[in-house]
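Inspection log for the structure reproduced underneath, given as structure tokens.
So that you can tell them apart, the chains are marked A, B, C and D in the order they are listed, and the count of residues begins at 1 in each.
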Amino acid sequence: MIKASIIGASGYTGGELLRLLIAHPKVEIVQATSRQKLGEYLYQTHPNFRKQTTLKFSDPAELIPTDVLFLALPHGQAQHNIAKYAAVAEHIIDLSADFRLRDADLYQQWYGEPHAAPDWLDKFVYGLPELYRDELKTAKYVSGVGCNATAVNLGLLPLVNTGLLETNLPIIAELKVGSSEGGASVNSGSHHPERSQTIRTYAPYGHRHTAEVIQESGLADVTLTMTSVGLVRGALATVHGRVKDGVALKDLWKAYRLAASQNPFLRIVKERRGIYRVPEPKILAGSNYADLGFDLNPKTGHVISICAIDNLMKGASGSAVQSMNLMLGFEETLGLEFMGLHPI
Amino acid sequence: MIKASIIGASGYTGGELLRLLIAHPKVEIVQATSRQKLGEYLYQTHPNFRKQTTLKFSDPAELIPTDVLFLALPHGQAQHNIAKYAAVAEHIIDLSADFRLRDADLYQQWYGEPHAAPDWLDKFVYGLPELYRDELKTAKYVSGVGCNATAVNLGLLPLVNTGLLETNLPIIAELKVGSSEGGASVNSGSHHPERSQTIRTYAPYGHRHTAEVIQESGLADVTLTMTSVGLVRGALATVHGRVKDGVALKDLWKAYRLAASQNPFLRIVKERRGIYRVPEPKILAGSNYADLGFDLNPKTGHVISICAIDNLMKGASGSAVQSMNLMLGFEETLGLEFMGLHPI
Amino acid sequence: MIKASIIGASGYTGGELLRLLIAHPKVEIVQATSRQKLGEYLYQTHPNFRKQTTLKFSDPAELIPTDVLFLALPHGQAQHNIAKYAAVAEHIIDLSADFRLRDADLYQQWYGEPHAAPDWLDKFVYGLPELYRDELKTAKYVSGVGCNATAVNLGLLPLVNTGLLETNLPIIAELKVGSSEGGASVNSGSHHPERSQTIRTYAPYGHRHTAEVIQESGLADVTLTMTSVGLVRGALATVHGRVKDGVALKDLWKAYRLAASQNPFLRIVKERRGIYRVPEPKILAGSNYADLGFDLNPKTGHVISICAIDNLMKGASGSAVQSMNLMLGFEETLGLEFMGLHPI
Amino acid sequence: MIKASIIGASGYTGGELLRLLIAHPKVEIVQATSRQKLGEYLYQTHPNFRKQTTLKFSDPAELIPTDVLFLALPHGQAQHNIAKYAAVAEHIIDLSADFRLRDADLYQQWYGEPHAAPDWLDKFVYGLPELYRDELKTAKYVSGVGCNATAVNLGLLPLVNTGLLETNLPIIAELKVGSSEGGASVNSGSHHPERSQTIRTYAPYGHRHTAEVIQESGLADVTLTMTSVGLVRGALATVHGRVKDGVALKDLWKAYRLAASQNPFLRIVKERRGIYRVPEPKILAGSNYADLGFDLNPKTGHVISICAIDNLMKGASGSAVQSMNLMLGFEETLGLEFMGLHPI
């Protein structure tokens, strides 16, 4: 059994990591820290752990040596202590934004301050197996992924990989996201009477995850437009671009089928009948799938690529565990078999 | 035009009062106070007031003389300043729990501390027109009503008024309520990802509104069981009791029809066809109606009375404005004509 | 009192018309037809009408002469009987798509079959007062508006009217809409367990309302992308375009302020504080407002215009009643004063 | 590997069975029938099966011999063909109501018509392992359980088993349930705009599951009051009764702890801190747990027992698979390990 620890385990990303690791057949959790909930049972915060574990939140100041250390801290913290973390674990997976961007300047541009550990940036592999499967197999340090960036990157992947997209034209990615993206901390906008049933375009452009899309897709002119909608888990990216002259719908089919065949957690959803003809995040709650759809306006070459994920799974903890599996030589899908619920 | 002021206008009850008074044809708002939002436009807190009023929140320490003063403060505050308030307004309507109970001992029993102004208790009329229409016409001081107590009291009214109920047996009132009952203040339990789609029996017995039901219904053995469910506005009371021997369904019809005919905001909902055969709070959002349903198990005499309200309207601000109308000699329904939305 | 009739009154658009007209101080409803619900009380279908009206659904085959006839039939029906309808009413407002497009060829292109009454097309004024206020004042025949087209047209209005927009570049309008857009008829996709909390991009391009946007905005390359989300009432359009060189954020402020000042139901929502900083449809439920927001990426000239409406109000029945008011010489806002609810 | 077939696999209960059996390590699905969806892929109806199985719905008229046959048909059908089913499978688990009641008269009383196969009634074991663990180990025929009956029976179990309850007084069980209880068939009341955010007491008394509670609890005077609320999966029973004289809260603790210790899927939720202090069904979505809470009014002896379940799991397919595990000698919890999601 591999030993794993989670730093910052009381939030939603930490909780989802714990859920996956508690059930993982090759992993034993040795430590789950939370300064705020110190000494409390995990299940008092994450009620789904009742009868699953009697572990308590421990002190992040007293780290136990471990095989894999997951960091699920708020953005901007891990970079200040990364050397300390590396001293207690051979493998680190940091789910914050701290080590996602390889370029310290890009980091400063999008996060507004200089990076505290720029030398560490190129030691990390971006933890999206659909993009870095081979690199992850030999990685020691893995960064997590931005949930919205992931929905866009996976939506673009079949188009970018096959060169079907006009790369010099603007890409507009419209994201519709649930309330769990905001995390476990309370604020006035997350108060249920205010947040319930909202449709709120809270960031028309400039969302930080844009940087990850630019870095990973290689596209220059990308806009992420963020809209909060009425559910808890889930993100849908509807990505608008133009295909190159002569590209037809059958070329898209080929590109998406290739992507789905190469990646265990990518699926195409493009049906002519039934209720679920296109990707929908709600049926992915708890699952690690990214469901892909697409369409093409043949008159204009306008391509719309759709990607649905559970933001806490494929968009965060699921990809992290998938990366861990690759890094440690386990079956890539191990512990990620939950197929989601219907109806929900 | 009558001059009205609202003390504590930034909360949900205060906001709903403002909504009604802004549109009321006989009322001019002279002041709306909020310590927390001092100097801000009302519409920055209550976004439905945009283009309706350019009033700003003012300082509760600087009260302007007015005709009617509405107090929408947290429980326990109005009783400490009631003399001060009476000095600036001839009529007062206090929406908190401070002056609902006529008996200072009963207050202490349910609210856990002695009342700060016991001499004022009998100056107040309980602001439920269905119970105190005549008294309200000559009142100077009116208390608001507890939203849950109101759903139960109105559900029981036809049975109590006609003497059909066995009054010495236990009454169990099961309330299902929306998130706005918790008010505008944020807490961890109201965080959208936690509160969304909940079914949470948070108070199996002992809810403070029980005292108002006991006082107003005259019944001794009453339990209110509170369950939070997934909506914002609305409360449904399902009240269980036993009718006296020999009481039949037709007697209930008669009792409920009488109540509905005597009260402009009571309606019977008991249909054999259509989707809306029984009372439902969601179609009452923004309206002052209380919808009543009932059924009788003829074998056992078990009677179930159902009452649906919008907790912010009939359960708080709507009844307060209805009481104001009576107190000031206006048409009882003035400014309360909104009939609710369907679908919603 | 003006006499009004509604043909097809059992659907959601018809129900919303009825709600407005029952409360309208200058209108008396003489007839509300429904073949399916013939003989039933209106309130058995629209439960908010209980204690408001004892009218029953009547037979559409037996039309009573009236002053204004509202047609709220499924698309494709009104055009076959328009002469018959004109024989019983001097004024007609047709809320279906039948008379929205002035060009019969455009109709055929988007609706897939030739128009049955092409001679009538130019007798109708498009019923959006923000675009045709003057024409509506002398109109006899008014078409309703497409709800999604309206969100986009009003979002674009300040930009188009002031010439700030690059009109030869693609416009992408991303709409997020509630379940009431699908109407009152049941289908497998609207079944609550399936439709609840969905995020479903059901029409990436090609939505019929696109034709109305092209016609009214004068823009050639417009895409409407439709996504169903988890609420009942409400539509939000997030519209992407490019401004002309040199256009700055202050120019947008000027353009939007002009539009808001000229139109009683347009409002700007662009705040720096509070929860409601941008337009949100949920607080518009039942109101006739269209709330407008905007932002500009100064580096790229990418402009994002946001418009929130209640699809059944400003997007359908509200605009129809507003048009009626203009047509009959009433105050434009008469009967449309409801300001919406907060919280909801 | 055991061979299993599901008759009536396109509904929600059938879909949930399939989900559990696809992932079950000891079971191979040989057939899943649906007359309506014949020839379609399972994943076109149950979108969570995509990339899990390429099985298609087959014809219920052409049954393949199998080890365990699950019947997930509408009520009233299985009893007409039970001999035919027994001919193709040694073990049968019928999830309908047909074989839940052991007494044919009781069946006729609650279901309104005589039972078609009364001789089979005593061959079936009621499929609730918490009540019939030992009997299930040797059973050949197992009935499913009513979801609402299960919430009540498990809520009552600790009280009944320990003799703490006054059994001659009325028991009122108030159930709040999600929309999936209504099944996959569309009706006007399940249309999203109507069903969304409802609180609808649709059956104040007389629900058919009452019969199962009477049979299994041994209590005579039981009322189930049913209220639909705004979520898809989940049922909460709040059960009101009286304890015998002298029973104190510590006795309840003992009784509930005993039940939780004896049953792997029973848990006590009664916390003093945190958000989840009482049982809530939403965190049980997809899990087989029944969460139990309780409280006692020491003045009156009024006991409130609370039980939360996922109606499709512990209330139907989860208990069925748990029963199958016992019947076939597998680990009781096999294939039922999913712990549920938080947040959700």
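Note that in this section a residue touches a chain if its C-beta (ideal position, glycine included) is under 8 Å from a C-beta of that chain, and two chains touch if they have at least 3 such contacts.
Every value quoted in this text rests on a predicted model; they were computed, and no experiment measured them.
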item: Chain whose average C-alpha position is farthest from chain A's own; value: B
item: Pair with more cross-chain C-beta pairs in contact, given A-C and A-B; value: A-C
item: Whole-Å separation of chain centres (CA-atom averages), chain A against chain C; value: 38
item: Averaged-CA centre spacing for the pair chain D and chain A, given as whole angstrom; value: 35
item: Whole-Å separation of chain centres (CA-atom averages), chain A against chain B; value: 46
item: Two or more partner chains touched - positions in chain D; value: 12, 180, 184, 188, 191, 193, 196-197, 231-232, 275, 280, 343-344
item: Chain A residues within the chain D interface of the complex; value: 12, 15, 19, 22-23, 40, 44-52, 180, 184, 232-233, 264, 267, 269, 271, 273-276, 280, 283, 285-287, 289, 291, 337-344
item: Touching residues on chain A, where the partner in the complex is chain B; value: 12, 178-180, 182, 184, 186-188, 190-193, 195-197, 231-232
item: Complex contacts: residues of chain C adjacent to chain A; value: 170, 172, 174, 176, 188-189, 191, 193-194, 196-202, 204-206, 221, 223, 225, 227, 229-231, 234, 236, 238, 240, 275, 277-282, 293, 295, 297, 300, 302, 304, 306, 308, 343-344
